[in-house]
Amino acid sequence: MIRLEKRPQPSQAWSMATPLVAVLATMLFGGLLFGLLGTNPFLAIETIFWEPLFGEFAFYYRPQLLVKGAPLVLIAIGLSLGFRAGIWNIGAEGQYIIGSLTGAGVGLAFYPLEAWYIFPLMVIAGAFGGWAWATIPAILKVRFGTNEILVSLMLVYVAEQFLASMSLGLLKNPEGFGFPGSRNLQQYASAHNAEIVTGTGMHWGVVAALIAVIFAYVLLNRHMLGFQIRLTGAAPRAARFSGVRPARLILMCLGISGALAGLAGLFEVAGPAGQVSIDFNVGYGFTAIIVAFLGRLHPVGILLAGALMALTYIGGEIAQGQLGLPAAAIQVFQGMLLFFLLALDLLTNYRVAWRKPEVA
Amino acid sequence: MDLSAINPVLLIASLMVAATPLLLAAIGELVVERAGVLNLGVEGMMIVGAISGFAIAVETGSPWLGFLGAAVGGALLSLLFVILTQVALANQVASGLSLTLFGLGLSSLMGQRYVGVKPPQMPDIHIPGLSDLPVLGPILFSHDLMLYLGVGIIAAVWAVLKYTRAGLILRAVGENHDAAHALGYKVVRIRIAAILFGGACAGLGGAYISLIRVPQWTEGMTAGVGWIALALVVFASWKPWRVLLGAYLFGGVTVVQLNLQAAGVAIPVEYLAMSPYLVTILVLVILSADKSSAPASLGRIFHASH
Amino acid sequence: MSQTLLNLNGLTKAYPGVVANDDISFRIGVGEVHALLGENGAGKSTLVKMIYGLVKPDSGTMELRGAPYAPGEPRAARADGIAMVFQHFSLFDALNVAENIALGMENPPPMRDLAARIREVSETYGLPLDPFRTVGDLSAGERQRVEIIRCLLQDPKLLIMDEPTSVLTPQEVDILFETLRKLRDEGTAILYISHKLEEIRTLCDTATILRLGKVVGTCTPRETTARDMAEMMVGSTLQTPERAGRALGEVALDISGLSAPAPSAFGTALKNVHLAVQQGEIVGIGGVAGNGQEELLAVLSGEVLTEAGAVKLMGQPIGRLGPTARRALGLLTAPEERLGHAAAPDMSLTENALLTGAVREKLAHNGFLRWGATREFAERIIAEFDVRTPGPETAARALSGGNLQKFVIGREVLQTPQVLVVNQPTWGVDAAAAAAIRQALLDLAAGGTAVVCISQDLDELMEIADRFAALNEGRLSTPRPTAGLTVEEIGLMMGGAHGMEVAHV
C-alpha cells in the first residue's frame, strides 16, 4: 500500500528536481498526445525543443526566444511576488493590455514629434497603466475584502473590450484606410522599442526582464519586504504577529505585478507587435502563470522557465508549419506541464512510502 | 435607436436561457465548495463540456447524448483536479487555474473539426394550453427541457443539503474536515464525489451554451461564464435558491445589454459588452463584507496524519 | 474485582522514528473509572485511537467482553458500544447541536425525535442543552456537553474521555464528575485520560501510568499520593521552580478601560478590561478557553489596535501602535498557537528568529537583512534555552512541541523585554520543558520585567504568579494576590459554572 508521510521539512533536492521531472513527463505524455493526433511524436518533440535552438534556421529563431521570453519573465516575476504571499493576481493579461494602451497612447499623442524623452515617457505610462489596473482589485480587497482572483480576472474581459474600443476608436490610425488598429510604432522612431543590437532580439523589454529578475532575487533574499512576502505566504497569522501590514503588502504585490505586466505590454506594442490592434494580446498574461509556477516562484527559476516556455511557443509554431501540429496542441502541452509540476510538487513536502497494509 | 423593439416577454424568456449555463455551473461549484473545496477550474470544465457535448451531439445526432457526453467530459476533466488536490495535495488555487488553462487548450484542440458545424436542435416543449397562454406561456412553458432540468437540479441540491443525511455529511466535511475524519467519515471520498458532480454540472452548463444558447462551436466561447459562476456562489452565500436568483439577475444583465446593442443605443458596443463583468465586480464588492456563511474548511488541504 | 469489559494485550504501534505504544497491556472492568495517566507524548492519544478504531495496532490484540475486538473504523467501535469525547472537540461550529449529534450516530432518528431524545438525556444527566442552538455560539463547557450527549445517546459500554476538564471551571468540573459517577453507577466504564493528578484521585478507581509509550505502573489513585503518581509519570524527581523574593518597580503595563469587538463570528469581545502590572511582577490570567485570552494577547501584541490610551507602556499610550513599534518600545508577546502564529512552520529557525527579533536585535539595516547576525541570534536562543534541534536551518515544524515552545519563549526572553505577555506558555509541553519555561519567566521578572502569563493551567499560575485575575466572557476580574486564594474563589472568578446548574433529579 502506498502511503504519504509528511516530511519534517521540505526537501531541497525534490524542490529542484520536480520541474525537470515535470518537463520530462510532459514530453512523454505530450508525445503520446502528438502521436494520437497523427504526428510522429519524436519528430514533434525534436521540432519543438531542438529546432529553434540548433536547427537550420536557428539564427532566426534564437532572437525570437528573447522576444517571446522577455514578456513572460517580466510578468511572471511580478506574479510570483504576489503568489508567494498568497495574493493571487491572475489578471495580468488585462494589466498587460492596459499598459500597452497607456504606453502607446502617450507615444501616439506626441506623433509626429521626434524627441528622446518620448520613449521613456511611454515606459512610465505603460508601467503606470498596468499598476493602476492592478490596483483596482488591490483596493477592493483591502477596503471590502473582495476576492482578488475574480476581480482581476473580470478586469481582463473589461480590458479586452477596452482594447477593441481603442483600436476602433481613439487610437485608430487616421491614415489607416478605416482598418482597425493604431499607427505602427515601428515606423515612429522616437516611440519604437527597437532592437538594441540588431539581429539579436535584444530589446528594452529583455533588459527590463533581466533587471526584474535581479531585483526580485535581492528583494526576496536580502530585504525585509521580501521576507514579509514569504512570511505572509507561509503563515499569514504569524506575519501579522510579526508586524506585517496585510493591506500594504496587497497593494505592493498587486501594484508591482501590475506595473511589470504593463511594462511587458508597452515593450511588446512598441516593439515586436508595433501597433495596438483588436487581438494584439496573445495570452502572455496567462502563460506567465505557468512560468511562475514552473520556476517555483523563484527569480532564477522563472528566468529558466520563461526561456523554456518561449521555446515551446517558437517550437510549436515551427511544428505547426512543418508538421501541421495544431496550435491548440501546444497550449495543451503547456497546460500539461503545469499539471505535472503541481502533482509532483507533492514530493517536496511528502515522502511516498510503500508499506504492507496494516494488520488489524 | 428604438427601445420599443424590445419585447419584455421575450426578454424574460431569453434571460432564462442566458442564465441557464451560469446556473448549472454555479450549482455544481456550490456543492464543491460546501464540501470545502475551491475549484477555480469551472471555466475549463465548462469549455470542455461545451465541446464534448457539441461533438457527441453532432456525431450521434442526439442533443441528449450530447448533454450526457458534456457531463462526462466535465467530470473527467475535474478528475484531474481530484488527482492534483485530493491525491497529490496540491494548492487548490493553482490547481484550479491549471485546469482552466488546460481545458481551454484541450477544447480548441478537440473542436478543430467542429468549427462552423450546426448541431442537432433541441426542441422547445409545447404543452397545449399552457404554452399558448399569453405572457406566462412563453416565459414559463415554452423552453427546452434542459432549462427545466437546471432548475430541477437546484431544487434537488437544496433538498439534499437541507433534509438528507448525505447533505448533512457533505456540509460537515466542508465545515471541519478534521472533525469529520475523527467521526469516521471518508473526507476524501466525499470530496471526490462533490468535485465530480461539480465537473458534470459545469460540463452541462458549457454544452448548454454550445448546443442551445448559441448554438455552434467557437473557441473560448464560454467567455468567462465559468468565472462569473464562481462569483455567483459567493453572491448566493452558498445557498442554492440564491444561485437561481443570482443567475437570473446576471442573465438579465446579459440579455438587456444584448438587446440594447441590437436596438442601437448610443453607447459603443464594447462598453455594453463589458457590463456583465463590471456588474460581477460590483456584486462581489457589495457582498464580500459578509464571509460568515462560507464553509470553514474551504480551500484548506486535508491530509489524515494517522 | 469486577467483570472485565475490555482487555488489552501487548498493543504496539510505531511511527517513523518513534514507538508510540510499546507492548501495552491492561484491563478495564465493567463500571470502572479507569485513569490513563501520562505526559504529553507518552502515547495516551495513540492508545485510545486504537481502541476507538482510528489507528490500527502493529501488533497485539484487544478483547471486548471476552470476544476478540479489532475495530476497522470508528463506526465499528461505536457499534460495539465504545464512545469517545475528544480533547479538541470534533464539532462543527456552523451546524446546530442536533445536527452535530446526528453526525456522530449510526442511524439517527428524524430531527424532531432526536431533539426530544437530546432534551431527555440532557435532563437525566444534568447537562442542559438546547438542540437547536448553533454550536459555534456555545461556551467550551456547553460544547463538551454536546460531545458527551452524543456519546450517551449511543448507550455506550465504555466512554473514553480525553482531557475533559481542561476547558472547565472548577465548578463545571464538579458537575461533570456528578454525571460521570451517575454513569458509572449505571454500569458504564469510563477510560479517563488526564495529567491532572488531583482529579484522578477524586474520580478514578484504577490508574494505568504511561511513559514513553510503555506502561510503567498501575495504582489505586485514592491510596497513592499525587507526588508519587507524578514521579511515576515523569520518571524523575520533579523540580519546583525557585521563586526569589522580588522588589516591584513602577507600573510598566497599564491597561485601562480596554474594549475591543469580537474579531470573528465565533470570537469573544473584550469588555472594559483594567490591569496594571508593575516591573518585577508576574500577573497570572486564568479562565476557561475561549473567554478572550487570544483577543487579549492580540490587543497587547498590536495585532489588533485599540484606543491610544487603553494600553500604556511605561506611561506612554501605545494603543494605536502596531507590533513592530511596540517591540521597539519593549512590549513583547508570545501567542498560544506555536505553529502558524508564533512561528512559521515551514521556515527555518533562523527565519523564525527574525520574525520578532528584527527590531530589538537590529537584524535589519535600512531594510536589508543581516543574515549572519540573525543566525547568531537563533543559535543563542537554541543554546540558552536548550532547544533540541540539528541547527538553526531546521524548519520550525520539525521540532517537537516542547522544543519549539522553548524556542518561541526564548526568542522573546532574550530580547530583554520591559513587558512580556505570554499565552499558554507550557501547553502541550513535557514536564521538564515546562519547568524550564516557568523558571525563565521567574528569572525575567526577577530582573525587573513585568510579566503577564495567560494560562488555563491553574497550578502553573499559582506556582509563578504574584497576582491572579480571570477572564470570563471577555471581562477581566479584579486581580488578587495568589497567596491564600482558594479553589472556590478562583472558580467564582472564572465565572462559576457559567450559568449552568446540576439538574436536581
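Observations, loosely collected:
Going in written order, the chains are labelled A, B and C, and every chain counts its residues from 1.
Just so we're on the same page, a contact is a pair of C-beta atoms (placed from the backbone, for glycine too) under 8 Å apart; a residue touches a chain by one contact, two chains touch by 3 or more.
Since this is a predicted model, take the numbers as computed values, not measurements.
Under the contact definition stated at the top, the chains bordering both subunit A and subunit C are B. Using CA-based centroids throughout, the chain positioned farthest away from subunit A is C.
Counting C-beta pairs in contact across A-B and across B-C shows that the higher total falls to A-B.
The geometric centre of subunit A is 47 Å away from that of subunit C, both derived from CA atoms. Chain geometry summary: the mean Cα position of subunit A and that of subunit B are 28 Å apart. With centres taken as mean Cα positions, subunit C sits 45 Å from subunit B. The residues of subunit C never reach two or more other chains; the list is empty. Of all residues in subunit A, those touching subunit C in their complex are 5, 8-10, 222-225, 227, 230-231, 234-235, 237-243, 245, 353, 358-360.
Across the complex, subunit A is touched by residues 40, 80, 83-84, 88-91, 93-95, 97-98, 101-106, 108-109, 112, 219, 223-224, 227-228, 230-231, 234, 268, 270-271, 273-274, 277-278, 280-281, 284-285, 288-289, 291, 303, 305 of subunit B. Only residues 165, 168-169, 171-172, 175-176, 178-180, 182-185, 292-293, 295-296, 306 of subunit B touch subunit C when the two sit together in their complex. On the subunit C side of its complex with subunit B, the touching residues are 49, 53-55, 73-75, 78, 86, 89-95, 99, 102-104, 108, 265. Every residue of subunit C that touches subunit A in the complex is listed here, in rising order: 16, 56-59, 70, 72, 301-303, 322-324, 327, 333, 335, 337, 340-347, 351, 354-356, 358, 364, 367-369, 394-395, 397-398.
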